[in-house]
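Labels run A, B, C and D following the written order; every chain starts at residue 1.
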Amino acid sequence: MKVISPQEVAQHNKKAVSARHDTLEDLWIVLHGKVYNLTEFLSEHPGGQKIILKYAGMDATKAFDPIHPPDIIERYLSPEVCVGQIDQALVASQPKVETEEEKRVRLAHEAKPRLDEMYNTFDFETVAKNVLSPVAWAYYSSGADDEITMRENHNAFHRIWLKPRVLVNVKEVDVSTTMLGTKVDMPLYITATALAKLGHPDGEVVLTQAAAKHNIVQMIPTLASCSFDDIVDAALATQSQWLQLYVNADRQVSQKFVEHAEKRGIKGLFITVDAPQLGRREKDMRQKYDQEAPDEIERNKTEVNRNEGAARAISQFIDPSLCWDDIAWFRTITKMPILIKGVQTAEDAVLAAKAGCQGVVLSNHGGRQLDFAPSAIEILAEVMDALRAECLLDNGFEVYVDGGIRRGSDIFKAIALGATGVGIGRPALYAMSSYGVDGVDHLLTLYKNELEMVMRLMGARTLKDITRSMVDIRNIKDHFVANPTDYLAHHAYDQMLPRGKLSKL
Amino acid sequence: MKVISPQEVAQHNKKAVSARHDTLEDLWIVLHGKVYNLTEFLSEHPGGQKIILKYAGMDATKAFDPIHPPDIIERYLSPEVCVGQIDQALVASQPKVETEEEKRVRLAHEAKPRLDEMYNTFDFETVAKNVLSPVAWAYYSSGADDEITMRENHNAFHRIWLKPRVLVNVKEVDVSTTMLGTKVDMPLYITATALAKLGHPDGEVVLTQAAAKHNIVQMIPTLASCSFDDIVDAALATQSQWLQLYVNADRQVSQKFVEHAEKRGIKGLFITVDAPQLGRREKDMRQKYDQEAPDEIERNKTEVNRNEGAARAISQFIDPSLCWDDIAWFRTITKMPILIKGVQTAEDAVLAAKAGCQGVVLSNHGGRQLDFAPSAIEILAEVMDALRAECLLDNGFEVYVDGGIRRGSDIFKAIALGATGVGIGRPALYAMSSYGVDGVDHLLTLYKNELEMVMRLMGARTLKDITRSMVDIRNIKDHFVANPTDYLAHHAYDQMLPRGKLSKL
Amino acid sequence: MKVISPQEVAQHNKKAVSARHDTLEDLWIVLHGKVYNLTEFLSEHPGGQKIILKYAGMDATKAFDPIHPPDIIERYLSPEVCVGQIDQALVASQPKVETEEEKRVRLAHEAKPRLDEMYNTFDFETVAKNVLSPVAWAYYSSGADDEITMRENHNAFHRIWLKPRVLVNVKEVDVSTTMLGTKVDMPLYITATALAKLGHPDGEVVLTQAAAKHNIVQMIPTLASCSFDDIVDAALATQSQWLQLYVNADRQVSQKFVEHAEKRGIKGLFITVDAPQLGRREKDMRQKYDQEAPDEIERNKTEVNRNEGAARAISQFIDPSLCWDDIAWFRTITKMPILIKGVQTAEDAVLAAKAGCQGVVLSNHGGRQLDFAPSAIEILAEVMDALRAECLLDNGFEVYVDGGIRRGSDIFKAIALGATGVGIGRPALYAMSSYGVDGVDHLLTLYKNELEMVMRLMGARTLKDITRSMVDIRNIKDHFVANPTDYLAHHAYDQMLPRGKLSKL
Amino acid sequence: MKVISPQEVAQHNKKAVSARHDTLEDLWIVLHGKVYNLTEFLSEHPGGQKIILKYAGMDATKAFDPIHPPDIIERYLSPEVCVGQIDQALVASQPKVETEEEKRVRLAHEAKPRLDEMYNTFDFETVAKNVLSPVAWAYYSSGADDEITMRENHNAFHRIWLKPRVLVNVKEVDVSTTMLGTKVDMPLYITATALAKLGHPDGEVVLTQAAAKHNIVQMIPTLASCSFDDIVDAALATQSQWLQLYVNADRQVSQKFVEHAEKRGIKGLFITVDAPQLGRREKDMRQKYDQEAPDEIERNKTEVNRNEGAARAISQFIDPSLCWDDIAWFRTITKMPILIKGVQTAEDAVLAAKAGCQGVVLSNHGGRQLDFAPSAIEILAEVMDALRAECLLDNGFEVYVDGGIRRGSDIFKAIALGATGVGIGRPALYAMSSYGVDGVDHLLTLYKNELEMVMRLMGARTLKDITRSMVDIRNIKDHFVANPTDYLAHHAYDQMLPRGKLSKL
């Protein structure tokens, strides 16, 4: 392969348009040491032209990696766009220049608290906000529409109160359990979340390593930023992994993926059903907008909506026609247990069991899809009742929940209401982004310690001792919206202040 | 007609009172190029003398237009008050001087975000607040009394949660429907709101054009700032329009108006019944007060309440004696479908159906009339139940709701509870004021996109698939008022802060 | 009577104690032009010595007037303490010096908004806070303990929503009614509140004059700062007044007062029963403390609690042994209708009716006595039900409510639930303190206008048309206390902001 | 005993480690005038080495006293570690140097309000925050996890409203009662709280003296910072004390303690059952962390978690295997009444009664153990019902509650729901820390005055007159969690402001 100097690449940065006003004359970009001529591809890029133009004549690897699968170029572009490889010696000899953003992130990492000062998931979230790039923060933290459901996911646990029993010998408590046949050290798994490299250069592999330390299951996402095989390779021989699947409009692509996963030893197939279309995540949309807003476009003049374009592109890949018939088909192509991820009603949980699935994940996709969808924990009790009423729990049908698990007591509440285990998503990403493997390890230790503590204080020695009678779910389904504030009265009122406290005005 | 120079007009600005101390000697004003002698009329102006005095000897067109029907002078004043026409050539030769307020508005328009940054109705509302004049903002945004009902209108939707079904083929979703026989592209119409020229120089015609782009219905207001015919003329031949009617104490005036509307092809007559008296809109009252407060009046000395006067004037025009008998009469003078706008109980919806109406609009007038009136969405389910119980839905009786529709999910909830469609008012005004036709177009696109998205994520392909079982209305009728805050405890408590976040004091 | 110069009075200001260390040698004070020797009385003053010492050798009329009945000196001190009268000519010749506090109040009055800018009761409250002395503000505005009940009084109305009927001819609405046989222009009276001179130099007479303008009833307080006869004399011949009575431990004092009132034409006797002991009003206690905190007392050394002393003094006057037997006795000494003021349960309302009373006032004393006492409006419906169940409403038994009436809709709600009328207290004091008679007049006009408007918008022509079916009291008895805030989650969350709005940090 | 000069002690401060890198060469410390060689002990200190190293060569008495039992050295270290006594004359001759923290605390004490300005428990809490060291404040004020239960403890009282009866002769009210056979002046005792010397140099004895003044019971904590005998010795002969017991894994230690307590005249044994493991108190953990965080440890490098170590040490002492069988055993070793402290369900209260206990304390340990445990007051009514249903109240079984008692009305509510009395913890600590014995005396006076006032205003003369019908507990079990805030709407809305109030932006 031809070796090309950075200087030569830098010359292929022409943004001038041709006489026909629709193609660039000349645009090269470096990715992972290879030089690509993207002149023709530019107008077809699903993510828009701006971002490519920004790196014309430069190395775009850092921006490319977190949001593209590693093999995407090979799959989508013809071999001849690769015009050579960069001269690594020359690159190495050039002085590194730190960008403003790189500097901000470096300083944020230096200023962050010590890991053993992290006492809860909210600490990790807060540190993550400081150390992440705005793009990553917006992508990870955003939810659908007004983010009501995203916040409700944790809030709903606050509607569940505990009924602690005393004078039970709790010298030894045991939080281990079994999930889809795998013995695990606690009833918690790391669920599938996209684009881990936005938060950490090593991506999903960080989560694999932390899961290994705690002997818990990791669910591998379809939209990982590491390749599937890299993530499987990173696991210990004894470690169980599951696969989260977005079903492709081209079923053959999905079939190949599922068969490969089964061959690699994946222990469960979780088919995501809550995303026939991507939800509106306005923080994320705004962030993308701010990133790309070009100077040369006149203010207040509408142009083709790039966000929509990107959403539509993904919608085409994730098949909105997916239906129950497809589940029957999946049972013909794999022996892995099949679970439906994204069930949000008792009716659909019953359908899943009747369709021969081994379980469901009650989930609203972390509040990222449909605002005002209920939280998993709110519907868990009625889901269990419906399954029990139809005798569908007898063959080991398992019910998982994710969304809003932030404390050991949240896990306890889920178990009490019938869950086999719970999945965590954002907390793992935040811990990973802030402190890498050690961070996720510490986070998992916190969850485990808190769960053990709650069990001791509740008088439960094992997960089997945790029963529905230990939780008060009287208000679990109540959604209280306060009357609008009476601002005239509020502002006219003279607040009481305790002696010794200075007035706020 | 005599041509008069601006300089001559300027001399007729005398504010000195006559020997009898009750008339001005000499006061001319220019409106739409014509010069009027208002010396005699001054004391009869329903809006008070101040505002006329402010423009004595000047061109008052900009202040006049948004708050008067275009033909009002011809209708109310004798022809001889018109003393000539202004010399346009001389006017054109004079340098334009931008007022402080005009400058503020111009700068606000220049600084506003690009249209494609607008992701939701609240963005439009926020931009509108910046670009509108204080008078327009106060008029559009204000509600009755403490604005509890105004805000409740949207809040009530938050008490309705969704029950999404999965694994339904939603590749194609269709949001089109039929309203009063008109096929429309989505179940949403632009409802009648007064005085569009306060927000945009072209007034209601802007809304007509945007409605055309989306093939939806526009309801024309009685209190439009464009003339009725101008608004009808602006519509496409294929476009449906409805008429909102304030019934005049002089029934002949109303009859003439209705007959004319029917002749012009209006497809539905919506009689407003929730405004026998104007509600108290204190923000609006205060704004008017601040505008007019004269220096020469001593502080703290009560005078005749001008606001009351204005309200009474309108009350005289809108007939507070309107009752069910009148509805029967209206059926004799028009073949247009008659709908009652402003129904707020199941009892009155039943009466409307029994009175031979083709439908009702459940509405509290955007929270501008009676504070603590319920939101339309709160009573929708019981209204449908009452109509169904008396078999009044069989002949195509249609139920619309307006008030607080801010998200696609709000439309979904209304449809699920039985509405044929929903009306939007303020959001359209805010989009119009901020970005004109393009703004309203974009707003309607957002509503449509969001509704389609919600339908996909709910597992509904068409509006007929949307059923009441898809929404959880357990708390829909609950109005929660929190206990007064325990401020001593609140201020004594030491809030927890996540690590990495700076304390707020 | 001997005429004494200010200079001579000024010399009798000795604060030195006698050899026995318990009396002052020499202390004179001027009140209403008379000079008193209070040397002996000093140690017996129920309000403590400090305040008298502050005015030693000076004119104390301004401080004395608002908090003492006008005839108290004649009643409590022997005639010889009056040593003469001040030389008015000499006083007049002295230059007036404005104190800092007098200056602040004068400037606040000059800066206050014009009266016709006052649109609601909260405006008056806010202006009153500015123009009142801290002592007066603390006394008027304070409530018991944490002021939960005080605020609940208005909040409770927010739990009542309206069910407006449309297409009713409401051209004429009539808010007049009859209270204890008196025809009044609206169902509202000015209730008894103590110490009006704290807010206005003319005291309760201001309220008398305003009540006359609106043809409504005024209830005269036992603890008025004007004398009872002055208040009665200020009334028009056609004007009805009621008497609020604190029953004295010495029943003869009460008997004399009641007989005198009946002779003067008082139309109703309202016996207060909710104050066997004064409630804790901490804002008021603190204010008194700050006023009096002497320099010479060492910090942090407890002394006899003066507040307690004052409270006990009043407790001795207001008889805590008052019971149902006393009511029977009152019926023997007067023919005036007797009503029990301060009833807070249905049980006691029934007892009052059975005891031969003509009515009750449901009241918690403006939230000044017992925190967590229910609001009158909350219990009104059950009170009416209990009375109706025992057929106790047939003989014209009347039920009034006070507490938290701030809007015309509040009056409407009370009427709908069965009240004959409502009393207002603080709003009248605030209007009086800010703008005198004109202020109270304007306030009453606001109440009346709002009530008429609400009736029109509700479809009710007269008070008799207002029925319980017009209000939704589903949540009237619910006291919602929100879960404690999850501050870690709250502070970790990144709030959404509409485009065009600047972030708050 | 050898007399040693401060200078000599100061030389034994070597922090250099030995050749084996695991012991210090030479470390002396002064405690209560004695000099100890802690070179060998250092690595065994349960509280970590840092804090000892901080005082190497110095007098550590002030830091040692609040967190260690007085006899701990004698019990744990061999006699030879004591190498002599400090030369007191030399110490006395040295100039005292005030540390920064000592100065801050001294100034805070000087600036605090006078005691008679303290009107409620929140005032004391606020002053305490100012005058306490950060360590003491964190220890006293912290609660479990998110401190939801800690705050709920008081909030729950806000869900209980009162139903006051009027016209009852309440001239004399009597709040005295009997607890476990002891006649007390009010139904309130000072409950056991650890480490009083953190707040006041005299420790628990301060509480003993204040209890004596009011003739109420004090419960002595196992983890007192004064010795048990010192606290008993400080009591009057007529004074009753109870003992709170953490049961030791070594039952003989507990037996010796219980037998000794019985001999000393203790009137009741309260066995704590809600602490098989210490709860997570993150404020306290963070405070400890901040105190000890050493410079020399690299940032972000995890080390052995000292907090966990400390918690585990205490967990070993408090036996997590404690169960109902042990209660039977305790009945064999003492004749004192045995009560179970920390019961949180009706089921366990019934078990306690059946196990022969004389009562229970419904308690969640001040919200310091298990977040989302219910408040005592919430479950009190159902506990009483369950006991009554099984006829377990007939033999004088007594039910106490603690947690969140901040007002006299809180005591009233507890009595109304069936409690024999209530315990207060933090309020007593805050009053003690701020103003010593006088502070606690004043606090108890406030509680008593408030309770008497509430009884008068409720129409109850004695505790027996207080019945469940006097309280409204309709919402007592409701835990309302408001919907997440709709921030876009919230920020777009233009708040109403009363006239005369300046806008907040």
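Heads up, the rule we're going with is that a residue touches a chain if its C-beta (ideal position, glycine included) is under 8 Å from a C-beta of that chain, and two chains touch if they have at least 3 such contacts.
Here is each chain with its UniProt name: A, B, C, D = L-lactate dehydrogenase (cytochrome).
Please read all numbers here as calculations on a predicted model, not as lab measurements.
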Any chain touching chain B and chain D at once appears in the list A, C
The C-alpha superposition of chain B onto chain C, two copies of one sequence, needs a rotation in degrees (nearest 5) of 90
Of all chains, the one whose CA centroid lies most distant from that of chain C is A
For the copies chain A and chain D, the interface residues, called same if over half of the numbers are used by both and different if under half, are different
So, in whole Å, the Cα centroid of chain A is separated from that of chain B by 43
Taking each chain's centre as the mean of its CA atoms, chain A sits from chain C at a distance in Å of 61
Touching at least 2 other chains, the residues of chain B are 112, 117, 119-120, 122-123, 125-126, 129, 146-148, 151, 155, 158-159, 282, 286, 478-483, 486-489, 491-492, 496, 498-499, 501
Counting only contacts in the complex, chain C reaches chain D at residues 112-113, 117-120, 122-123, 125-127, 129-130, 145-146, 148, 273-274, 276-277, 279-280, 282, 285-286, 289, 293, 299-303, 305, 308, 319-324, 326-327, 340, 342-345, 347-348, 351, 364, 369-374, 477-484, 486-489, 495-498, 501
As the complex stands, chain B meets chain A at residues 110, 112, 114-117, 119-120, 146-148, 150-152, 155-156, 158-171, 407, 409, 435, 438, 442, 449-450, 452-454, 456-458, 472, 474-475, 478-482, 487-488, 491-492, 498-501
Touching chain A in the complex, chain C uses residues 120, 122-123, 125-126, 129, 137, 141, 146-147, 151, 154-155, 158-159, 282-283, 286, 406, 480, 482-483, 486, 488-489, 491-494, 496, 499
